[in-house]
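Handing you a structure now.
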Amino acid sequence: MTQRIDKALIAEQNDKLMPALLEDYDALARKLARQDIDIERITKQAELFQIAIPSWGTGTGGTRFARFPGEGEPRNIFEKLEDSAVINDLSQATERVSPHFPWDKVDDFKELKQYSDSLNLKWDSINSNTFQDQQDQQHSYKYGSLSNTSEAAREQAIEHNVECIKWGKILGSKTLTVWVGDGSNHPGQQHFQHAFERYLNSMKKIYAELPAGWELHIEHKMFEPAFYSTVIQDWGSNILAAMELGPQAKSLVDLGHHAPNVNIEMIVSRLIQFKKLGGFHFNDSKYGDDDLDSGSLHPYQQFLIFNELVDAQYRKQEGFNPNYMLDQSHNVTDPIESLINSAASVQRSYVAALLVNRPALTDYQLNNDALMASNTLKEAFHTDVTPILAMARARKGGAIDPIRTYRQSAYRATVAKQRPNSGGNGSGIV
Amino acid sequence: MTQRIDKALIAEQNDKLMPALLEDYDALARKLARQDIDIERITKQAELFQIAIPSWGTGTGGTRFARFPGEGEPRNIFEKLEDSAVINDLSQATERVSPHFPWDKVDDFKELKQYSDSLNLKWDSINSNTFQDQQDQQHSYKYGSLSNTSEAAREQAIEHNVECIKWGKILGSKTLTVWVGDGSNHPGQQHFQHAFERYLNSMKKIYAELPAGWELHIEHKMFEPAFYSTVIQDWGSNILAAMELGPQAKSLVDLGHHAPNVNIEMIVSRLIQFKKLGGFHFNDSKYGDDDLDSGSLHPYQQFLIFNELVDAQYRKQEGFNPNYMLDQSHNVTDPIESLINSAASVQRSYVAALLVNRPALTDYQLNNDALMASNTLKEAFHTDVTPILAMARARKGGAIDPIRTYRQSAYRATVAKQRPNSGGNGSGIV
Amino acid sequence: MTQRIDKALIAEQNDKLMPALLEDYDALARKLARQDIDIERITKQAELFQIAIPSWGTGTGGTRFARFPGEGEPRNIFEKLEDSAVINDLSQATERVSPHFPWDKVDDFKELKQYSDSLNLKWDSINSNTFQDQQDQQHSYKYGSLSNTSEAAREQAIEHNVECIKWGKILGSKTLTVWVGDGSNHPGQQHFQHAFERYLNSMKKIYAELPAGWELHIEHKMFEPAFYSTVIQDWGSNILAAMELGPQAKSLVDLGHHAPNVNIEMIVSRLIQFKKLGGFHFNDSKYGDDDLDSGSLHPYQQFLIFNELVDAQYRKQEGFNPNYMLDQSHNVTDPIESLINSAASVQRSYVAALLVNRPALTDYQLNNDALMASNTLKEAFHTDVTPILAMARARKGGAIDPIRTYRQSAYRATVAKQRPNSGGNGSGIV
Amino acid sequence: MTQRIDKALIAEQNDKLMPALLEDYDALARKLARQDIDIERITKQAELFQIAIPSWGTGTGGTRFARFPGEGEPRNIFEKLEDSAVINDLSQATERVSPHFPWDKVDDFKELKQYSDSLNLKWDSINSNTFQDQQDQQHSYKYGSLSNTSEAAREQAIEHNVECIKWGKILGSKTLTVWVGDGSNHPGQQHFQHAFERYLNSMKKIYAELPAGWELHIEHKMFEPAFYSTVIQDWGSNILAAMELGPQAKSLVDLGHHAPNVNIEMIVSRLIQFKKLGGFHFNDSKYGDDDLDSGSLHPYQQFLIFNELVDAQYRKQEGFNPNYMLDQSHNVTDPIESLINSAASVQRSYVAALLVNRPALTDYQLNNDALMASNTLKEAFHTDVTPILAMARARKGGAIDPIRTYRQSAYRATVAKQRPNSGGNGSGIV
């Protein structure tokens, strides 16, 4: 357990940074007070914000061309949990971890649960994996899993998902996220309708195994690994599938899985309206499913998505309770640093969206005052909420400047020694 | 009536071209016979193919930057019908015309019906227009029509659609197509959910006025004239709206209204599967809603769409009966030539799709033989069906080479004299 | 002259807002001081920032579908100058106006120059127009202007550009910006190489007429009005043309004229490196050349572009002296408000880019510390520089809150009475 | 050598198919004769057409998510050559193989040359690889190769390229193709200009080692593996680099390496015009660098590219002599089948482009007859040139139906037994 970040180190670092933080925080408090916003109410909400860490995100990612491993990468789910605990130590916003099976499969799930409890970590959505062949696997997924033309392959994929639910129950999870790589690379390869029907039939069998209180999240993706068509290519197919399955089925939005130029915040609104928004995989992208760090390229888009989410909360929209999770590929950074940074980036969007003057916005909308409506959002976005984020972390025992404190801790160098055979397979691929 | 194409001219031209056509047709017949395809069965289906002409397409189109009118443009719906009759004289595949109101509004719709009867033309889907302000209009659509925040503007837009139905009944149409320009140019300008709710409520009122046997077709568009969001931005919002409205509401696919890279043939398949494919606006595009001539850039995409349509026909898919219509902007060509050419281009895709060996394709699909599945489609696509198209036209009294015959007819020069004040507003804008 | 914004009104409004501004400004000064940044140095640079107003931007824009005019639109270049003066009264960052010929053509250019002098306005780049046909024009540009297959049409277009230079000399401009709509809508319509050769030959003739000290700016555009190909489609063709012409020819970057996903800040860097960055047309877009308000959708992209510009300034890059100009289409807002707002938005990016810690950034870059390099940019971007912008305006006599003061002034209502026949053609089309 | 396709099998299969082929060929000959085209002249040119096979393409490709190996994959360059020989046996259009180092590195390059000679195969362009780290490599390419901030890493990458030239000389190659994965994933990570300067300096050192008669081909790629920026992101940076280096440096066009919607045939024209078209990597794609089978999705685009190439040939454009090569990732098909099929697909575009009536096209272009210009291209494209392709193969000893004959040969099953440990690394990644 010595690898975790020493509380004394955090405290020492925070002590140095606190005077400046207090000065900025007070200035912001006065500014917000002039807008009739109580900074303490916002900071409280910032403290409550949580976003899950994907277990696989703690390893270095790569592309089909290469993977350049970093040092001290976690070699199994226990070490991934260690790294996740460090992230939460510093960020205080990531107490949940989302596992990926069979990558994170263990012999004794109760032991795994005890270990996560000991780290004060909880389990988020379970991710099944039927887009790769495992060594001992009977039927290949080369031509699909839940939509495969072979019934045996479909049954195998269904069975894997049912197992994931079983393991998730032990871990205390409440959600199964299903993303499949099924699709085609050639026109004609697949009969679109028959493939979708097979997919729906398979999903119905999985849905039937869902415990009460659980949700089944469907993830769509426009392309990759299939490059001509995918079975759940967009939110349209996604919501139709969720509607076919029933109320426990919802749609999950991964920010990188859309066609170019698509208005994602509008899709979020549609899913909210039809009570089908299950959750998010946050990341950023420029060209395709780039899986870059959340908010690193399009911070205003991230804000606009949270504008929809906070608005739904504000309107007390029925059935609104989405999951937040990061899903990124860290190819050139220390994964721990990127995850800390990205959690804060998403949290920043959430906090800024809390500052939007909603009654004024409604007024501008009803009067078609496009300019002032836009400026109302921008005023919130321009507000530098860094002091709120830092204060929320500090009050919960986290770091005011988590990257600096992490580097001071020398955690990476320490685990590099303890994980000599890291850099292998199974980690970091998103 | 002297403007129409002289049957003697057509016959004379066809006589010259017939020997070569017969030689090619016979060679193709022998080739198809080796594939167990009876060319006569295909030619018969080609003869039955129909695609509607948009009345506005007979004028020269333009962009926000400029419109460069051609000579002899039609100045009203009567002259548009004349031009449409010429197109059908030559192409024999375009006996229906789709009007646009109020552009084509007349004082006496019965007179208009008599005129179209006299030209052997029928009326296709009625297009309402609430994306422009008319001179005598009480409430502006600057900030939307069916989703406007003003109830008065919404009611005005509803009323216009109800009138369109009324006029359509006189003309013998059976479909109302609703496309609105509603949307926003600024984040925050519109509350996405409230705007969509207002849109749905307005559409419900229109739907309630739909006569038995009619369909209401909803057209989505990703952008333009609104550039940040549109109320019906994609097939997802489209099908949800159609489902909310009821069985007489269906989705219309305009090939140019999608995000870049989107797999349109797959959307067609999804709409077929959920019994919501209402019809098409055919055109081609490279960058946005370019409204280029159908099949001029992406002939294989057009073929793949017809592969889905012919497959649905082949499988006797329930509730499958879509409308076909051209919807193009002819900025640099004679609109009559482009419409003749494009009707033949769409017909070419249909005929080629009829040649697909579907039992073999099914086999390849079930065996995941991606390469041979792809080649099965390509074999049909590579087949030069020009002789079938030409023969189908010739047998029905149309022209073997319709562009050549049209130019020989000097129709354009003739109407240029008869329509001295053409080149004005109201035509060609798509 | 009574239409202009009363200085007393500005002063009165500023007086009310000054106490809060001072509080925020002081807090920001202290925060920046901790980063060793002297706020006064930054504010001084903010005061010097200038961006030109496009004369046509003062009218309401539209699309090929419709234009919804606002009230009191300027009816000629004199009224456009009045509106521009108002924008500068309030923003104090827009003392230059860019005219568009023949839209802004007058009989007596000296009189026009006297009028602009009287308003303390200067003239920015001259824009020629060979993408529309004018009423008295001998040769049509339907099939192109500088690249037309007809020599007479090309000569006419060249002659127009030479006239533009002549008028620009009277007005005191130093730049001619050439954007043409030349291109094609059909594969095969144009011989790509021959069209480009004709374009280059025409441009060489214009270049030969360029006075000493002038620059010729070439603007590329991927599509619209031509939808299959354009003669100067991207920065590649643009820079090659500029290199063929000579040192006075440079490339102009319009933010909306690129393919989806393109990294525009990188293009800016390349043009700087090869000494060919002439200037900018600022606007924002989501789907195509949407011409939305600058920074309204992608504020971080705008910042990243200014990061390149400030970096070039910092490195004292040879030959670096680009023009800044807005080029937007205001379809749903008061154009004056949008132009004020957008000038401030661009200025915001500039000021934020000044805050980047460049020595630290260089260090991170050399050490491949991608995360901290990214965070260094983000730290500057997150800083709310609103107080600097407001203070810079106030110190120069502009408005702390220019939109509010503008609305208080009732300028629009005043001119609405004075411009009874506004809402006509020639304005607002971008 | 028993693995190669038995000539007797080919002859036997061809004998069965020849009567039908002759019938179709004769019919096509008559049709072309009516257009004054001598089919024999076209068939002769088809026989001369050659396109290189990428050595790595003979293995199954994959994505970052998974690779699903096929059976009997080649385990080294000798087995890749065997497979290439089979492809050429059947297609008679692929006598050159393009190697990739260090993947295809051997101890004795003379032995390799002797082996390729024995198979009647020649060597195409040499591909260097500095986008992966090799096991024994001193400096990592994680942060770039030719543009790395570390001089030692740059020198290592330069040295590798110089070695590639050395090996290529032994093999009889005349071209080095350089594609690097250099770029960045975060704004700020890289200084764009400095990175490009480092790249250019490295390339100058490689260029200096180029033997007389060799060419250096630069390949650009918009993204992947770098997801925010790449050093040679588009044809603009590519041609500028080639111009900086000198006349032996040219640009290579990979069809999948462009932004969405980009007009690639126009880029081809520009490179031809500026004497910088080095060659092609043919493949097809829908979403990104999908590396699908050439012409499988966009056959008309492929034709339009060949329309430019044949036009340059027709105009005897100076310095025009591009390399053709396939570069695809075969994830769901037998790579040999895909390569045979794709070579024929590219050849089909070439042959169809030969049929374009160029004098007529020129006439239509000069008269701005967009419709007939478009139809002139379409007439050639619609012509089913399958009989020409088959006859060209048959006359050279290849297979009329190469896929069918390949399957009859049971080659794959045979090598599957001889290559027990296939399915490993190093193959198929594109």
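Remarks
We just call them A, B, C and D in the order they show up, numbering each chain from 1.
Here, contacts are C-beta pairs under 8 Å (C-beta built on N, C-alpha and C of every residue); 3 or more make two chains touch, one makes a residue touch a chain.
In this text the structure is predicted, and so the values were computed from the model without any measurement.
When the interfaces A-C and B-C are ranked by how many C-beta pairs touch across them, B-C comes first. Ranked by separation of Cα centres from subunit C, the top chain is D. The mean-CA centres of subunit A and subunit B are about 43 angstrom from one another, to the nearest whole unit.
As a whole-number value, the distance joining the C-alpha centres of subunit B and subunit C reads 39 Å.
Shared contact sites, meaning residues of subunit C that touch two or more other chains, fall at 142-143, 184-187, 189, 222-223, 228, 260-261, 263, 286-287, 293, 296-297, 300, 332-333, 368, 370-371, 374. Residues 61-66, 68, 131-133, 140-143, 181, 184-187, 189, 222-225, 227-228, 260, 285-288, 290-293, 296-297, 329, 331-333, 429-430 of subunit D touch subunit A in their complex. Across the complex, subunit B is touched by residues 142-143, 149, 184-194, 196-197, 222-223, 228-229, 233-237, 239-240, 258-263, 265-267, 269-270, 272-274, 300, 304, 307-308, 311, 361-362, 364-368, 370-371, 373-374, 376-377 of subunit A. Of all residues in subunit B, only 20, 23-24, 27, 30-31, 34, 260-261, 263, 286-287, 293, 296-300, 332-334, 337-338, 341, 348, 368, 370-372, 374-375, 378, 381-384, 386, 403 touch subunit D in the complex they form.
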